[in-house]
Structures are given as C-alpha cells and as structure tokens.
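Chain nomenclature is as follows: A, B and C, assigned in order of appearance, with residue numbering initiated at 1 for each chain independently.
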Amino acid sequence: MSSPLTRENVAKVAVLARLNLTEAEVDRYTEQLAAVLGHAEDLASLDLDDIEPTAHPLPLVNVLRDDVVTPGADRDEVLSQAPSVEDRRFRVPAILGEEP
Amino acid sequence: MNLTHEPIEGEHFVIQSETTGDQWEIVVGLEVHCELATATKLFCGCPNMFGDEPNTNVCPVCLGLPGSLPVLNRNVVELAMRLGRALRCSVEPSVFARKNYFYPDMPKDYQVSQFDQPINIDGWLDLPDGTRVGIERAHIEEDTGKNSHSGGSGRIHGADYSLVDYNRAGVPLVEIVGRPHIRHPEQAKTYIDELRAILLATGASDAKMEEGSLRVDANVSVRHVGDPELGTRCEVKNLNSLRSLGRAIEYEARRQVDLLETGERIKQETRHWDEGAGRTRDGRSKEEAEDYRYFQEPDLVPLVPSAEWIAAIDAAMPKLPAARRVALSAASGVSPTDPAVVIGVQRNLDALALAAIAAGGDGRRVLTHVEHNLAIDGAETLDASAFAQLVGLEIAGQLTATQAKTVLTEMVSSGRTPDVIAAELGFEAMDVNELEAVIDAIIAECPEEWADFCSGDEKKRGKLQGFFTGKVMKVTKGQADGKSVAEILGRRSA
Amino acid sequence: MSVPSTAIEIAAAVRSGELSAVEVLEVHLARIDEREEEINAFNLVLADKARSTAKAIDARVAAGEDPGVLAGVPLALKDNLCTHGIPTTCSSRILEGWRPPYDATVVQRVAVAGAVSIGKTNLDEFAMGSSTENSAFGPTRNPRDPERVPGGSSGGSAAAVAAGFAPLSLGSDTGGSIRQPAALCGVVGVKPTYGMVSRYGLIAFASSLDQIGPFSTTVADSALLLEAIAGHDARDSTSIDQPAPSLLESLGEGVSGLRIGLVTELMGEGIAPDVAARVRQAAAALEAAGATITEVSVPAASYGLSAYYLIAPAEASSNLARYDGVRYGMRVDAPTTAEMNAATRTAGFGDEVKRRIMLGTYALSAGYYDAYYGKALKVRTLIMRDFETAYTNVDLLLAPTSPTTAFKFGDKTADPLSMYLNDICTIPSNLAGHPAMSLPFGGGADGMPIGVQLLAPALAEATMFRAAAVLEAAAPALDEVWS
C-alpha cells in the first residue's frame, strides 16, 4: 500500500501536531504506529478503484440558517477562562513567522 | 539593484535590460479576499461588524470552543453566488474543507474553507482596455481573528507578545483567484477597481481596502518577451492600497529580472511589501513547509444550490460596469474605453448621463461635464432635462465652457434650472445684433489693425484675431462667446 | 428507604407526588458515598446543584405543574458534555478546570425534561480508549469486579448505572464507547442513528462518527431517555431534520415476522466462546418469540477496524488542534507561541491521545492521504453498501458487542493494537451511521456480564428496541451458570 513508517515521518508529524517527543518516545511511537498501519494493510487487498469515498454517513445537503443576529457569549465569562488576558484580549507569547 | 531598466511598451510592461538588451515582461495573477456584507458571520449569529470593542462579537462557535459546531449562513451563499455569476463563473455543488495549521488568530487551529470542490469556477472579468482576465475560482472561507503586537517595534518581528481579538474570526470571505493574465501594474490596479465596482453593484461587499474588507495579494513572475513558459512566481502580501499594489508589482518584477540576469534562480516564496522602504522583503523562513492536510469538513454538509436559486440570482443581476460602459458608449457615441465613459460609470453617473442624452443633450458634451465637472457631492441628484438644457445653451453659444461649469455647480447645489441661474449671474448670451454693433464699433476705432486683419497675411490675421477678441471681451465684460466673435469677424472681413 | 430502580417508575412517582425528587436524590447520593471511592465513576459529583434542582422539581409538582418525563430522575453526564459553569474536562489535564460558558443541547433537553444532573462521569481521555484506563484522573472500576475495567470510553457512565449511582446516564459512542462498556458492566447502552441526537456541546473526538446515547438498566428506560434527547437541532448542521422518534409506544410489539441475521464476520475467531454462545442463545430466544434467524454476511465489516483507525484519528487530530493554550485550559509558558503550543500539548495530553493525533496527522499528510485516509473513506462506502445489501434480506442484525468479557487492568495497555481489537464488533455501525445497542444477556465463564448487540438500518430504532425488549425478557440472569 505504501512505504513503511519511519522515525523521520514520526518526528515530522510531531512538529506538525505541535508535540515535543523525546528520542525514546519517537522510537516507541514509531513502533506502535507502524503496528496499526501494518494492520491497516489488510485494506490493500480490496479493489477500491471504482469506489467513491464517503466522507459522511448522512445524505443531508443544504443546511442553512437565516442571516439574523443571535446572542453571543459574555466577554467577561469567556476571558475569565483564558490563561492570559490583557486589554480585553487574549495574550500570547511572541509569534514568530507570518500567517501562512 | 539596477534601476536603469525602463519600460518601453505601453500595454505590456516591458523591462529592457541595459546590460544584455533582453526584454522581459511581467506576469501577474491576483488573489483577492473580500469580506461579504452580511449581517452575521459565516457560521454563527454574531454581528459582522468592523471596529467594535475587542472580543464583544463572539460566541462559542466563532471562538471554536470545545463542543461548538458551525451552521452555514444562507446570505453568504446568496452573495457568493451573486459575485460568482457577476464574474461569469459556473456555480457548482460544493463542499467545505478544513485547512489545518496552528496560528493564534485561528480559534480552531484550522480554517474552514473550500478546497477541491469550490462553489464558483471558471469565470472571467473584462477590463476597460478590453483585456479578459480569467477567474479560476471564487470560494467561501472564514476569516481569522486579529493579532496586535506589543513590545518591541509594534510589528510582529521583535514583538515580545501579542494580543488577540476574535471579533473578526468567522467573518465570511470570498477568495477570488485570478489567472495570470495581467501584464502591467496599471492593469492590476484597474482589475481591482473593476472588481470593486462589481462587488458594490452586486451588494456582495463594501470592498474597502483601508478597512480590510478587500485584501489583495499579488503573484508576480517575469519571463522573456515571447517566452510561452511561466517563470517562478513570488507571492507579495501586505498591499494596503492600489498605489502599493502598483509599486510592489513593479519593484518585484525588477528584483526578479535582476536576479535572473545575474544567473540566479527565483526562490518560490511569500514576500512582504514594505511601503516605507518601497521594497519587498522575504518572509521569515519557516522550519517546515506547511502541510495543510486538507480534508472535507465533517461538521458541515454539502452545498447544492438549486437551479431556481441560480436563475433568480441571474434575473436580479444589476447591470455590471462592462455592460454599463457599452450602454453609455452606444448612447453618447464615445468609445467604451474613453476615460470619460470609464469615469462616468465608476462615479455612478451613467444613469444621469443616459437620461440627459435622451433629453436631447449632446453626448460628448454631457460626458465631458461628467468627467471634469461633476466630481462633487450630490451630482447624481442633478435633474437630467436641466442638464440637457445646460448643454444645449453651451452648444448654442449662449454659455462659454467656463460659464457652463459654474452654472452646473450651482445647479447641483441649489437644484435650480440653468436659464434662471445664468440670468442671475449675468451670463446671458449677448444678442447677436448687439455683439455685431460692438464689433463694428471696435473696427471703426482701429482702422489700421482692421486693414491688416483683412490684408490676407495669415500671420498678421492670427495675431490680430486675438487683439480684436480681447477688445470685444473687455467691452462686453467677458460675456461675448468666443466662437460667435470669431464668426462675426470672419464675416466682416470677407 | 427504597426507591424504584427504573427511571420510568421514578418519574411517574415524582410527577404524581408519591415520591419527592429530593428523597430519590438522597438515596442515590448515599450509594455514591458508599462506593464511589472504590469505583471512581465520577470526575465531579454535583451534590449541591442536584439538591437545588431536586427541590425545584418538587416545588413545581406541588404547584400542580408537570416537570417532564424524566422528573426527579438522577442522571449522570459523561464529562465530554459541556455543562455551563461546571468543569468539563474530557478527563484530560489540558482541560482541567475549564468551565464552558454554555450547555450542550442534550444537557438542556434533559434539564427541561426534569432530570436531576448528579455528576460528570469519567472517561478515557477525549473519548479515546476502550477501558477508561486512559483517564488523566485515574481509572474507573467495574462495579461487578473492581479488578476489572468497566470498558470505555464511557466507562464512568456505564459504571454509574451499574453501581446504582443513577438510573440513567449519557455517554458518547464513536467506535463502540457506549455499547462496549454497557456490555462489560451489564447494562443497556444505545448508539442512535448518526444525526439523531445533536452533537452541539459534545466535545468532538471524530465528528463523522460521534453520537451521544443513553445508558440504563432497562430497555424501556433507554427508550425514554433517547426520546427526550433526540430530534432536530438547528445548531448542529449534521442533525437529521426530524423530531424525536417514538420508541416506548411500540416497545411491546414483539418480533413476530421479523427477520434477524447473525453477522458471520462478527462471530469469527476473535470472539471468545462464551460470548459467541450467549449470542446464539439470544438468537434462539428471538426465534422462539417468532423471528426468523439467518446467517448474514457483511464482508466489509472485517475491514472496519482498519478504516476506523484511519478515519477517527484523522478527524481527531484536527478536532484537538484547538487545545493550544491560547484561549482556555492549561498553558505551559514559553518564549514563543509555537513553543508554548507544543509545551502545553505535550504536558496536557496523555499517551493514547498523542498516539492518535500523530496517527491521524500522518494519515492526512501530503503524499499519504490517498493511501490512508482517502482509502479508508472508500472502505466506508463498501461497508455501507454491504449493510444495505444485508438489509434487503433481514430487518435487524445480531452480533456480539465485545469480543470478551471485562478484562483486568493492565491486560491490554502494553499493546495499543490489542486494545483496539475490542472494537471490532461495534465499529461498523459507527462507520455506516447506523443505530446499534447492547443489552445484557447472561454472564461469561468468569461470571462477568456479556452483552449482545442489535444492529439496525438508519432510523430503525423502533424496530431495534422491540427486539431488545424481547431479549431483555428472555435474558438469563447474570449468575446463571454458563455451559
């Protein structure tokens, strides 16, 4: 089906997912994820060429709402749950890099 | 940076190298994000409002709180389709997709957008100069919140920390992706002007670059004139005005030509326009290229607009700028690419102009006024038949061009008719007999000059024409019409 | 003081004034006092709030009002359901202490129906697991045998009902997380048709699979609760545009004339002999009641596990990205936001959550989408088709719920794949979006409960419940010796 999972794959994926892994963890997760993906190799025996993917089990379409204002959240309540607030905004450390 | 490359062609912006003599052309594709003019956000009922107190237009949905779910705003679909049809796109069944990346102005750390099945595809936009710019797609997506940067220089680089306001998170956007058919910085600006006019005409957006409801990114590449292959492009961001757009395209094109001429390759990247320094800068290099891992948004269902809905949008489509230019051109006899026609439509004065022409006003004259004399508040309230009457007075020689302008301004501010205003200002045309009498008197006073005037010497005649006209104007206090004076002098000297 | 054990009886007694909601509540709180330390079903017991709710219900009854069909019934809520102002943690450190500013739709609906929310129950962290051993706040123990797991991920909700802490509870089911713990604890657990119950306020694990559903000791009680929470919700775009189904009305109609199929692929070698035997015993009971039993093949069901462990983690990796330390929950400080995100998530997420996030990220990543996630979506299509074919010949399907009875703590934690295999019987219904339920049907060789599973096509809950009622009446007692 696909090339086997490597340590490099896992390390890269950890960065994408914003997770810090120790070297030992990279090893362990590589082994465990490879086992799951190995099990999933059973899908390779299926002939899926003419099959459409189903993203969703429900045959619904066109669920829309009217363009009407509804009550929102209380700002104080929301900000009270935030780790760090300044000037009624959420405060975060320095952002490196521009918005993608 | 070698600044001696000069453009040598008008329609295409061609850079000719002094060193090699090579001719390079610019290829530009524009990506435009417009905020839709809906009452509420894309997926929730929070107000879609600019400028409110931070974090007051928020709810669990647009904050992406755990457990929240999106519900699509019907009016977003309406406006997106209006925009798509105005851009001659085909409206398709579409789905939403998640674009996954981490950034603090994104409440869910993914943006709901459209990826491989967007709502509008394969349209075009005709520019006043006749160029047809292809539109690849115009899809719906949600806006992010806003970061402001504190400490350091106030810009993102060097800031100690940032503050995030989510009022804008979830505001509905349409991203319009234009094909790389633009060849000149001025053309890029015209494209944006034209797009803005369409956005306003359809009511889809108020399209204000300064308020951020219209955002433009430019993809710029260069190639040798005649080369059919596209060069490597760079995306330029942070263009906050039309002026920046034009300057940035030119700068970036020259930068790329410079690099290529020294044998270097263009690195495909995102660059930022620095208005103060007048240059593009490379973006902070990211350690990892972003992998957005697009997949279909499982919290939303597909969008399949009915044929009836699309037909209703088509039926209600207002006349768009290109069609309005054609109509004004046909009525006035002036070319649709003439600045007077373009400006007339831009200023929404074409309806007035058409009515004035229908009321008997001379087309060329009407448009000249529209172009030069009606950039004033309330111009559109001008009465069409009064306008036609004014133009008639001009054509008949009863008002000079300067007088007509004054009368017109007064007509707009007071709403009164031209004859009344002209009389009040003493602009009434002189009686022809009166004028002839004045001219005869002057001729009698200046026999020698008159003899020279009639002598047949063209040079003398030319000089004395001014002499006699000046005398007439002095006596009549400027009320004589120049053309009539010339005509009478001509008759008398025949 | 004794109170009735079923919600239907309690609600009737409270509404008629025979019993007070306060009395009912105190009985259940006393049971919690007695055994909760051992069982650890709850992350949070809401004693004070429950008391004031119960008092208010009694006042309404005294004033001649009807508080609703769940009047005075203590009800436990899985701690991934948002409760306004009340900590909702998903049994994760990263949400420890977070108080949602809103209620989930189901929380609102049970309150409107007069239920008394008695506590937030423990779960595998972010609903990822089959044993509740992945909770950051300690495991829940199986009330039948505290050395064994209650199942997962809704282990706390299942145990609360099994231990008598509440007649009703709500859980969520993504790959079997209601049905499997129901089977292991010996209670009734139902996963409705996808879209039947609003997900608004359910903290998402895998959006195209998650559904909220009831736990109870009787089939009728689950019908009562499902009627109260089901039905269209405008705040959930994936909510079916229909009102709640009527289930109680037809509950006693029996199975005469119904065709019921035993799923071949789910009775294979992975299933423990005692479990398989109980399923056959259930089939016989249905036959005796007038149903026709056949064997039916749903070939793609064998591939459900693989497809599920690509689709669910993929969606989860995206759903859990928002836990970044910016707006709520835990934050571990760092000089830059990206570092802060990573430090927070590394400290805040447990092992299984990290594993699934990475698996899901990988399955979606550039170059691998087609091979993994894309492929799994096609397998989903096959599974739905095979079910559709099966249902042209039968009205319902019968299968085990869990391959084994409740296992001991630590038995399956060393090898994640061995834990995932617990879900082989339950996963296909989630992928297809079909309803399914587990009900107790005797015990296993080790004396632990066994659940049998009924599967139905979309929106066929009423039929499914009818068959469940028949099986309930015919079910062997737990301590009846297995042979």
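By definition in this document, a contact is a pair of C-beta atoms (placed from the backbone, for glycine too) under 8 Å apart; a residue touches a chain by one contact, two chains touch by 3 or more.
Remember, predicted model here, so these are calculated numbers, not experimental data.
Chain centroids computed from C-alpha atoms place A closest to the centre of all protein C-alpha atoms shown. Contact count check for A-B and B-C (C-beta pairs in contact): higher for A-B. Taking the CA centroid of chain A as reference, the farthest chain centroid is that of B. Computed centre separation for the pair chain A/chain C is 23 angstrom, with centres defined by C-alpha atoms.
Distance between chain A and chain B, defined via averaged C-alpha coordinates, is recorded as 41 Å. Work out the mean CA point of chain B and of chain C, and you get 58 Å between them. Residue positions 60, 63, 71-72, 102, 104, 162, 164, 291, 293, 295, 298, 300-301 of chain B each touch two or more of the other chains. Contact with two or more other chains is made by residues 98, 101-102, 208, 234, 237-238, 317, 321, 324, 326-328, 337-338, 341, 361, 365 of chain C.
Residues of chain A in contact with at least two other chains: 16, 18, 55-56, 58, 60, 63, 65, 73, 78, 90, 92-97.
Only residues 98-99, 101-102, 194-195, 208, 234, 237-238, 240-241, 302-303, 305-307, 309-310, 317, 321, 324-331, 333-343, 345-346, 349, 354-355, 357-359, 361-362, 365, 368, 371-372, 374-382, 384, 415-417, 420, 431-434, 458 of chain C touch chain A when the two sit together in their complex. The part of chain B that touches chain C in the complex is made up of residues 60, 63-72, 98, 100, 102, 104, 107-110, 162, 164, 291, 293, 295, 298-301. Within the complex, the chain A residues that touch chain C are 1-2, 5, 9-10, 13-14, 16-21, 29, 32-33, 35-37, 39-40, 42-43, 46, 48, 51-58, 60, 63, 65, 73-74, 77-78, 81-84, 90, 92-97.
Chain A makes touch with chain B in their complex at residues 12, 15-16, 18, 55-56, 58, 60-73, 75, 78-79, 86-100.
The part of chain B that touches chain A in the complex is made up of residues 38-40, 44-47, 53-60, 63, 71-77, 95, 101-105, 144, 147-150, 156, 159-166, 237, 270, 272, 283-284, 286-288, 290-293, 295-296, 298, 300-305.
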